[in-house]
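Two complexes follow with chain A in common, the first pairing it with chain B and the second with chain C.
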Partner chain A sequence: MSRKAIKLVAIALILNFQFSIINSLQAQGILGGHVTGNIQFDGQISRRDSVIGSDNVPEKLLSNARADILYTNGNFSAGLRYEAYLNPLLGFNSQYTGQGIANYFVSYKTQTFAVTAGHFYEQFGNGMTLRAYEDRFLGIDNAIRGLNVTYRPWNGVTLKGLVGQQRYYWDTRGLVRGLDAEISLNDIVSNWNESKTRLTLGGSFVSKYEGDETILSDISGYKLNLPLNVGAASVRMDLAHGGFGLQAEYARKGQDPSIMNNYIYKNGEALWLSASYSQKGLSANIQAKRVDNMGFKSVRSVSGEMLYINYTPSITKQHTYAFLSMYPYATQSTGEMGLQCDFIYKFKKESLFGGKYGTDIHLNASLITGLDTTVIGGKGTDGYTSSFFGTGDTYYGDISLEVAKKLSNKVKCTATYGYMIFNPIVEGHEGDIHHNHILVGDVTWKINRKNVIRFEAEWMASDSKYDAAIDDKRAGDWIMGLVEYNFTSNWFVSFSDQYAYNDGIGNYYNISIGYTKGATRLQVGYGKQREGIICIGGVCRQVPASNGLTFSLTTSF
Partner chain B sequence: MKQIITTISLFACLATLLVSCDKIPQEEYVVFSGAAGQWFDGTGVNDHSQRALIEKYTGVRCMNCPNADIAIAAATEQYNGQLIAVAIHDSSTFTRPIGDTPRLSTDDGDAWSKFFGVFAAGEYPTALINRSTNGSGWDLFTPTSGINGRADDIISQQAQVAIAVDANAGDKITINVNLEFLQNISDQLTVTLFIMEDQLQVTQRQPDGSDDNNYIHNHVLRDVITDIWGADIDCTGQTGEKRVAQFIYDNYNKDWNLHNCHIVAFISNKESRQILNVAECEIQ
Partner chain C sequence: MKKTILTLVITMLAALATAQNAKVPENITIKTLDGKTVETSIIQNNGKPIIISFWATWCKPCNRELNAIKEVYEEWQEETGVKLVAISIDDTRSASKVKPHVDGNGWEYEVYLDQNQDFKRAMNVVNVPHTFLLNGKGEIVWQHTSYVDGSEEELFELVKKIANGEEI
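Here is the complex of A and B:
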């Protein structure tokens, strides 16, 4: 056979093989699924401003980009995420620098069984033993790469099991194993099915393994005898009766000396309670928690927000207005106690306070303190003892009252007053406790179906004063104004300015313009960003000062 | 209902097994390490030689690694004790044991590999001599050639500090490190101790793709005795200063054959990580 003939035969065989694969995939229905996804690009250009403390960016342009692609076909799904940090935006860890497929998985899910191989996110209960999650805004991705199985052997019983390693920027670290069980008693006890009282019980067990390493004790010539397997367990309940609800979770963790707790051997524990009542036009909720040495990471020597296995629920309000969120509270997993009350009420239409359209009020108060502890040693000891009901220093407290009222079919007003106390020790540095009074006024005027304009004014009086030695640029008294105009349903433009008029420094103006069409949104902004901290659910990251242009593009398909 | 209780009970048993975490008794929170010996004035070091340490990152599934072993063995013989070699097995796929043979990887070696960029580069064998740098970073190279040029550059220099080490085994291994400063050094220095073992018969993939079940691995890193970045040296760094410290090591694996083990001590710059001098001894 000539060479040409051999080539032709080879090509025919390859084509035949490819067609066979395609036919086979079609026969299995795999090619009949559908693909969805979303793409996001954020860019930043920043230059030096000595007043606010921003620096020139050597790369001129920083960018974060990602594209999520999801393929689903019946019970089967598969996905991947491409990420590129070239180089990361200011405030994102430089270890993200690079690009590649950061997340991939295949999953098969039925009514009773689900299995995911690859990267996955998971939470047991409130997350006090395990919460693998992602928050792209904070730059946190604790995805687990491994195997995750959910099994529902009977209606009302859910069992979960997982094993894997956690994402650490472009690497994976640690070894995490976990089991969770949840039982809805109303579903499995036949004569409880119709009961107005509903009770769900759950429990979870998580352990991590990490190899030995040399960590010197404070005693010369001695090192720490490290536990290689560290376990955490929790039990939880969820009780509901009519409008009443009661939830509780208690977690314990074994000896886990780590950089977070200065390598002490004390066991960890956490208790979270929530009681609520709701009916039409009214809801009330009270939450309490006590956390003692519950930081749980898959690598003992890593600080920062990466590689957390668990999560301690935040019980402070997630404020949205600028000055109310200027001093956010960062959950102290090493130890804290807290209480939060939340009350929402709607005055009915045509009532004394309701007027023509009704009036909404939202009252929220929270107080977080440290634990009452007695130090018994340092590294390589049990560290301290703590009184269960004793409280230590005040870390954070706030009370806010928000009143929202519609004045006419076109105008809605919201007025908010907040008082806040903030101890800078929660951000890791000493200093006087700040006391802030904040007032916010927010008016939205719907001019017509396509044109809406919003005005916002904020004022904050604080007893903090700018000190160059501490260089906290949030200090001082502030005023702010914002105008936001949405027009033609597609375009918006906004202008805002924050100015420290007393005992502070900085004038932070921002202008942005955006266009939305369908699932695509493009936004360009120019202005100054104050150095500070942003927190979501008590998890925080540092935001450095910046001065320049930002732009973002998001789309989905 | 009975079925549910049985299933939940089984699940609970599995969970209990899973969370059976290590419980360290209070009196064992800290253990004798010898990792940070106390420094005293010493009597000096007789041998003022400048030596070099070649760290070879290797793996049993790395086909080209036996060639590197040959080149390194020839070089260490040629330099007659002035070039000390250590073979480091990190956690790369090349270190996955072939068949039912022991894994030679160590967490400490893996940490070094990741720090120096060997693991990320994924090329084996890779070597580094005295943790030197070139224009673009750590001077990593393939040690099938290029050893002599690099070693000559280091060994031909006059030592800034002389080092000697001796070790004696009883219930524990007692290690004495002597230093003598031959030049003024103002930087913070550390001494790092590690133990390595010769004559380990472990299957190794060969350049032709076959597996040699009788392959002998020498100078295999077993454990870093100090912290992986060393223990601080308490000294002024003035020329003529002589310091000595004793380190106690009781954390060794009793399966190691101490007759085939060596202790290596090297002095490095705490900031730059670069090695100034190194010494090796058998365990008496």
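Here is the complex of A and C:
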């Protein structure tokens, strides 16, 4: 018998053995539980097009696939994830190329105690010291492989501890240890139980270890004395009283020279504040943030989006209309200041501005600047000093007003105006700040229960001009139209076109057809697409840049 | 070798699972809008149907769905006793805007935050919106991803059947 045949027989025997054990255990009522999962497949067949910058794709077909399988039985659960990038879609790092089991875990969880071994995702507070997370459509996965324990000694007290290494494409790197404590005062102070005011306090400490390496300082050429253990700590609070809410977190990080901060020894610091008031039909929220040298990665020499231990999110609004989200802002973890305000108001039915069905207004504004810094040296020094309240260059700003109105039982409209300023320096280019005015109209017409049409028109006037040297394909003045027809409640077809009518280049046309049944969704598209969030056919998802045929399947079971 | 292990594990898991409808895991940690940590076992409705809707503040179809149901929620509740539980998957970037968003839109749903997305993963949610319908025993009897204007009427037909104890 050949080796292969022996292997097959062995597998068959093991399977048979497995089934008989399982059957007997099930018959005795010992086993049970549920298997659930989800499958995703995304493929692209690319056409070359130098105008929109899609590279020549020698393999013609690119695909990302993944399957998660979860087994749950009472307090016990286990999971396995298979991923295949053959080869990865445009916009995904080529280091993903390959296939295999990317994630596995077993977990046992009761009300007071939980333990997970294997890959896990975790967040301490707002994530300023630690956030292991994934975004499958962006190709980010910072899962930690190791041990994660949660313990609740008393109601209202949560303690977490973890140790592990972080996922780096198909490998794990670094060493991360973390502790977190959260106390809900209303649950532990007996007579606060019924109080309308809720106060939750928390704190965390995270440390990473990495062996020594040779990095030379700028001036003398000496080898830098690198810290092998780097710690970060934070304190936080969450106060709620009726419609009022106040949240704050402050984090500090020890000396952490890395490729991100050009190997300087300055301590890191971050502060985040959020205050809000809301009642039915009215709400206001204001957020402020200051981040200074707070990039925290488990490997000091790796740039890019992998291996981040912490998370300092952008506080700007997540826009989903194409032109409003054309220049997305990403946090500059080396340093920035930010302020954001959000206001929602509902004009009641039968009021002056409300009309028959009421009118919704949503106003949002944000401004992000650099820090006011003074350079004191290069590699091996503290790098710079910064004043706490001082601001530097403007990085990004936007203001948007959205008015939504139901005109009749069949027709709903939304009109949006946005003004945006964007400094190309945040993407690493020198150049003038862009100023963009954007108008969006969005009309949904429900002909009847089985037939719904949505129209979207967008216009963007910009002072930016296309420059072949920089090759920013978003520059110039643009118009866009989109028609989406949903029929039989399962099918949709959409057509959209973005066209640079002045100072820009490109014509992004796309036709998509989709079918949704239950938790299964299939979509096929043809055309040119920018990367970004797209909301068509009733869902929103991040899509990579593409040119040619795309298909996407997701299902849950 | 890896493939062999994978095959073994999958067949084992498939054999382990019983045929009954899956329930919502009860021990996943989520947060209330005023910051209290709770477990998913809090999602209860005294033997009446429950709708669980995964959404995010930035997701337009999600907002259209929750706004459309808002208009008819009172009638739905009177007729069937159904409860809608909205699970926000917003992360730190927008999590602190969830309560203002919910109040500003005048939603009277039970809303929880799933910032670490543990619940989202446990329920195999890939895209938002993703809606689950639970019968009186807490079993998941139907799920759907995406929202198109008017599809809440279809959901309500199912809720009525469930409330009457019919199979769907």
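Keep this in mind: the second predicted complex is superposed on the first by the 507 of 557 C-alpha atoms of A that agree within 3 Å, B and C clash if a C-alpha of one lies under 4 Å from a C-alpha of the other, contacts with A are read in each partner's own complex, and residues count from 1 in each chain.
In the analysis below, a contact is a pair of C-beta atoms (placed from the backbone, for glycine too) under 8 Å apart; a residue touches a chain by one contact, two chains touch by 3 or more.
All values reported here derive from a predicted model rather than from experimental measurement.
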Clash or fit, chain B versus chain C on superposed chain A: fit
Dominant contact partner of chain A by residue count, chain C or chain B: C
Superposed model, angle subtended at chain A by chain C and chain B (C-alpha, nearest 10 degrees): 130
Touched partner set for A:311, first chain B, second chain C, both or neither: second
Which superposed partner A:380 touches (first chain B, second chain C, both, neither): first
First, second, both or neither for A:181, with chain B first and chain C second: first
Which superposed partner A:217 touches (first chain B, second chain C, both, neither): first
Which of chain B and chain C A:537 touches, first, second, both or neither: second
First, second, both or neither for A:227, with chain B first and chain C second: first
Touching partner for A:205 - first (chain B), second (chain C), both, neither: first
Smallest separation in angstrom, by C-alpha atoms, between chain B and chain C in the superposition: 15
Set intersection of chain A contacts, chain C complex versus chain B complex: none
Touching residues on chain C, where the partner in the complex is chain A: 2, 4, 6-18, 22-23, 25, 27, 29, 33-37, 39, 56-62, 64, 91-97, 99-106, 115-118, 121-130, 142-151, 153-154
Contacting residues of chain B [partner chain A, same complex]: 1, 3-4, 7-8, 11-12, 14-16, 18-24, 26, 28-38, 107-108, 111, 224, 226-228, 231, 247-248
Residues of chain A defined as touching chain B within the complex: 153-154, 157, 159, 177-179, 181, 183, 188-189, 203, 205-207, 211-217, 219-233, 254-255, 265, 380-382
Complex interface listing, chain A residues touching chain C: 7, 11, 14-15, 18-19, 22-23, 26, 31-38, 40, 68-73, 75, 77, 80, 82, 100-101, 109-111, 114, 121-123, 126-127, 131, 133, 136, 150, 158, 182, 184, 186-187, 198, 200, 238, 240, 243, 245, 247, 274, 276-285, 287, 311, 313-315, 317-320, 342, 344-346, 360, 362, 412, 444, 446, 448-450, 452, 486, 489, 492, 516, 518-521, 533, 535, 537-541, 554, 556-557
